[in-house]
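Shared chain: chain A. Partners: chain B in the first complex, chain C in the second.
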Partner chain A sequence: MSAIGQGRLVTWRRGHRSVRFSRRSAWVALATCGVVLVLAVVGLMIGDYDVSAGQVLAALGGGGTDPLASYFVTEIRLPRVVAAILVGIALGVAGSLFQMVSGNPLGSPDILGFTTGAATGALIQIIVVGGDTDAVALGALVGGLLTAALVQVLVRPHGLTGTRLVLVGIGVGSTLGAINTLLVAEASLVAAQTAAQWLAGSLNTVLWPRTTMLAVAVAVLSACAVTIARALHLLPLGDDTARAVGVPAQRIRTSAVVIAVAMVSVATAVTGPIAFVALAAPQVARRLAGTPTPGIVGPALTGALLVLGSDLIAQRLLAPTELAVGVVTGALGGIYLIVLLAVDWRKR
Partner chain B sequence: MTAPRRAARTALAVLALLIPPALAACGDTSTSVAAGETRTVVDVEGTEMEVPVDPQRVVTLSEPTLDGVLALGVTPVGTVSGRGQSSVPSYLADEAGEIPLLGGVAAPNYEKIANADPDLILVDGTSINNNPEAIGVLRKIAPTFYTGYAGGDWRANFELVAEALNEKEPATAVLAEYDAKVAEAKKDLTSYADDTFSVVRWQGSSAAMILKELPAGMALSDLGLQRPGPQDKRGRGHSEPVSLENIATIDADYMFFGTLGGSSNANPDAGGAADLTGAQQALAQAEEVPGFSTLAAYRTGHIYPVDGSLWTSTGGPILMSRIVDNVTGILA
Partner chain C sequence: MSMRLRSEELRVAYAGRPVLHGLDVEIPDGVMTVIVGPNACGKSTLLRTLARMLSPESGRVLVDGRPTGEYGTKELARTLGLLPQSPTAPDGMRVADLVAKGRFPHQSLLRQWSRADEAAVRAAMAAANVTDLAERAVDELSGGQRQRVWLAMALAQETPLLLLDEPTTYLDIAHQLEVLELARRLAREGRTVVCVLHELHLAFRYADHLIVMAQGEIVASGDPREIVTAELVEEVYDLPCQVVTDPLSGTPMILPLVGTPAAGRPTPGSG
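And now, the complex of A and B:
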């Protein structure tokens, strides 16, 4: 069903470069952007501290009469909204890259152990070193990358294929998961509490310094992902066919995995592991756009929508108590994917 | 041909570039300044700040600071829920039940705190640990005084709470009252000089021991009650988990048995009561565990269910004094 439903194709040319996309995916992307924008505005408007719409505008324009209101809008809510969008993009793109490389809709960094590895790095900082929030972010970054290196070393002698990546990833992930459990069990109560908070994945207290770093990383990494996106679409045809049209399949896979791991590690460093987005966003995007592979742009936007929407729900559902955004993404993403699969099966 | 490799290299380069700023990142320093008449105080981290001479709207973001403030007769305008609990610590329910909650112990709701319009915020390492950003945000709202590190001495923590509130003399009186109570209780407990006392926190289906550095351990030391060998030491600021095959290590002549509900590190919201009823239910569960019924304390009927929020968590002078009352109530 999905392979046929490509819809009308549009080609944009500029010089000798061209981009080809279906009209439907363009509309879906535009609509998703619109919803993200609306949610972003909602995110700036609502909160427990009373700030009127006028005050929000004044604060964004650099004015405002209540300095605390301006502070909450520009220094707490705005970086949080921006970070939610960026984390969503990173997770969506990373998930899509993994799924295209592994040719498996379950090929997501949550399942392949990369998120777990980032968590191990962070937990070592929280529990063993007792580092502050910056040290924890750094730990997650390093943890994710070391995990990727380990998976690479284990996979390499036989070549990076989808199945092998999935199997090795799951194995490494389970081992690291056990280490994480051990770390938390041995932690002091306070450190364990910090760890539990971090492990749930939260955008609480994500301020500008972290959001800015995230923005730079996501911008560059997304650009990297776009450069190999087209080659990735050819992988399902088989390595030989890909080579025949000038695509070095092995190298493309390796690059995609490196970029994806970098994106997941950066996102996890900022917020802690946010469940399910990397897994669900590409699949949701693919079904919305009706394309055979998820691509890059669709999952990025869908991921942004998922994380931002979930964060708003996390903040407001049980207000004033705040849920961790990871709890909501897990629930929402899961439900949505089940619905989509059910619809898909019925059509068959 | 090299495009993918270049993309991967760029990706790695980005990460390498991110690491130094991640290390160097720091927040800006402009902070909220108290209005009206102020005095200069220095908190446990050495941060100097201006606080009101007579703070009217105090917010406490941890159990020890809430306990300390209440002990000084001040009612905060907002606080956070107790550890592993969805309301104020149950041992303070009577005094603090009406105080608005402004988030959880590790997740304060900044906007809610700002709405409470505090003129002084008290935090310590049991609630906000290694999180300079969180402290930075709080300092935008009101002067934020860090009273102590996790596992620190409760007296020192309480004295700093008093310092922040400008209530040093009343604090001395509160501490003297505690010492007098302990001295009195000691006289009633002389017949227990040769016995050992275990403090156990039951969690889900396993036990943890409260060692000597935690409030309940300190109270027993103050009372001159001995601990069994495995508990006769200072721990790492938390209850020491015991695996079920080693259940015999929790044994002693007497056992105080509490719980914080089904909550655990991995699942802090599992629910279950932290109070006396919760302890009784947990004890019923514990009896099902192989080996529990062979413990000497069990066979002699010397296991006493106690309020877990009082015995196995953290707090200040009210907590300490109630543990002492609890012990004398049970034993004397």
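And now, the complex of A and C:
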């Protein structure tokens, strides 16, 4: 086993304040940011009404000469692009938190059943209650949080640790998956169609009000995630060692799970379930940065890149027909997982 | 003698089964205290309760006269350090990164790596003689090297009180001595060291203050040269023995009678 380490560490000091990070992660983060920005501009340019890069910048600056272009850029495409980035951040960070708590690369909300639980909440709204889109979003949020509470209760006697969390999550997820299938099977044709659309996970109909809400939630939750990140990095050393250096291990785990569940639920509430991003983003970020644990910033940016890129593919692959972004991430994620497993097995 | 670390009426139970029966422990400052006793006598439980890894059913642990329950987690970790039994590091983690983790209680979001952190890590790695291993992965090292790295992490924490839970387990005799020499040196430099050990000969040799436990009680405590007797060892370990003086260190040494003709065991073929 070679030394992965954190590579060259750089320290910035100013008075009593200091920040420390690895040079490689910083470069990777900058590069990812750059790609996200480019994709964002592309996302604002293309569509049924093509807009040039210059027009995009003019529209963003408020000085567009073509009112229709400005309308498409600022009112239709910008909220969607921003939402894609925010959902990516939320899923990437949530996935990373779950993986660091469970110490398992499979510890993602997709696999742990939280996404399925959010879907159950949304389906109940669509099929049983017949609520509008806001009600569906709320249903997803409540569904995700209730599922997390259920998993927490089932795991409780032994605390939230690795394999147990994954196994209980898989069990709960499978049960909820069956309930979801049952709900759709019993639904009216119209409701079943709405449900199927929602379940595919899509950014097609996202406009400003929802994006703004998402931005506030993601900002607050990301800040919470950053405050516990340093303590989280100590959990892989074992609870005793972590506590010996002053990390309240169990409390940090619970906080991480609460933050992660809230992030997944908020993202799912806005777009429907977007598969595999939470699973893949932290692992991709960790490999790019060459660190033993995924961290927070890397997975956030990688998640943003994955969702934004997938949404562009979803929009243009079969244009003018728009696919749901969840279909693309699902396909990409599936391929990623197969490659990851194949490479891992070959190494052994 | 002053006592920064002590306990009052400490009762601890595991799953309803009492393990410690109301212990009043006093750990003398600036010397090396060694806790010995047979398996399951509660010595690790005592150490872990002193370090607040376990909470007592009743009674309390006092650090500088204040109950540990009143300390914040980081606050306590700046005063009292613990090296747990057989700790594990994630695959591929570098030695320097692991030792740096010991600085956690001195850091915060806006104070991630101060000059004091850097100096403490450098000093800890030098003291534990692991400076040359800094760039290696922890899981590549031998058992003795790894234990020194973990000690370096605990040292980087710069706590005046340092608790070591069986730090010599799984090490060969040379590496055991290396770890104990380091622990003794720390005590000579003014730290208060408490160490759980199994190996009696080494325990008696290195303890400035010895605590002998049996069945959740303290049977004897004090300077090993004054308290160790054949009767004590036989009472605690149910092991008939003779106690002699180690000609090199002047500390007590036990010679078990088991396996010698003096034990009166029938010789092969006599039955």
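The working rule: the second predicted complex is superposed on the first by the 310 of 348 C-alpha atoms of A that agree within 3 Å, B and C clash if a C-alpha of one lies under 4 Å from a C-alpha of the other, contacts with A are read in each partner's own complex, and residues count from 1 in each chain.
One rule holds in what follows: contacts are C-beta pairs under 8 Å (C-beta built on N, C-alpha and C of every residue); 3 or more make two chains touch, one makes a residue touch a chain.
Just so it is clear, the model here is predicted, and its values are computed rather than measured.
Asks: Looking at A:L237, would you say it contacts chain B, chain C, both, or neither? Reply first, second, both or neither.
Replies: After superposition on chain A, A:L237 lies in contact with chain C alone.
Asks: Have a look at where A:T65 lands relative to chain B and chain C in the superposition and call it first, second, both or neither.
Replies: neither
Asks: Touching A:P209, do we find chain B (first), chain C (second), both, or neither?
Replies: So A:P209 only meets chain B here.
Asks: Considering only touches as defined above, state whether A:A217 meets chain B (first), chain C (second), both or neither.
Replies: first
Asks: Once chain A of both complexes is superposed, is A:A196 in touch with chain B (first), chain C (second), both, or neither?
Replies: first
Asks: Output check: A:S52 vs chain B and chain C. Expected answer is one of first, second, both, neither. What do you get?
Replies: neither
Asks: Would you check which partner chain A:T227 touches, where first means chain B only, second means chain C only, and both and neither mean what they say?
Replies: Touch partners of A:T227: chain B and chain C.
Asks: May I ask you to name which of chain B and chain C touches more residues of chain A?
Replies: B
Asks: Between chain B (first) and chain C (second), which, if any, makes contact with A:P248: first, second, both or neither?
Replies: A:P248 sits against chain B and chain C alike.
Asks: Based on the A-chain superposition described above, do chain B and chain C contact any of the same residues on chain A, and if so which?
Replies: 227, 231, 246, 248
Asks: Taking the touch rule as given, give the residues of chain B at its contact with chain A in the complex, in rising order.
Replies: 1, 3-8, 10-12, 14-15, 18-19, 21-23, 25-27, 81, 83, 86, 101-107, 109-112, 114-115, 125-126, 129-134, 136-137, 140-141, 150-151, 236-239, 241, 265-266, 268
Asks: What residues on chain A touch chain C, complex-wise?
Replies: Its residues touching chain C are 1-6, 9, 11, 13, 16-20, 226-227, 230-231, 233-234, 236-238, 240-241, 243-248, 292-293.
Asks: Which stretch or stretches of chain A touch chain B in the complex?
Replies: Touching chain B: residues 47-50, 68, 71-72, 75-76, 126, 130-134, 137-138, 141, 145, 181, 184-185, 187-197, 202, 204-205, 207, 209-210, 213, 216-217, 220-221, 223-225, 227-228, 231, 246, 248, 251-252, 254-256, 258-259, 262, 265-266, 269, 320-322 of chain A.
Asks: Applying the document's contact rule, which stretches of chain C touch chain A when the two form their complex?
Replies: 51-53, 72-78, 81-85, 87-94, 96-98, 101-102, 104-105, 107, 109-115, 135-137, 139-140, 153-154, 157
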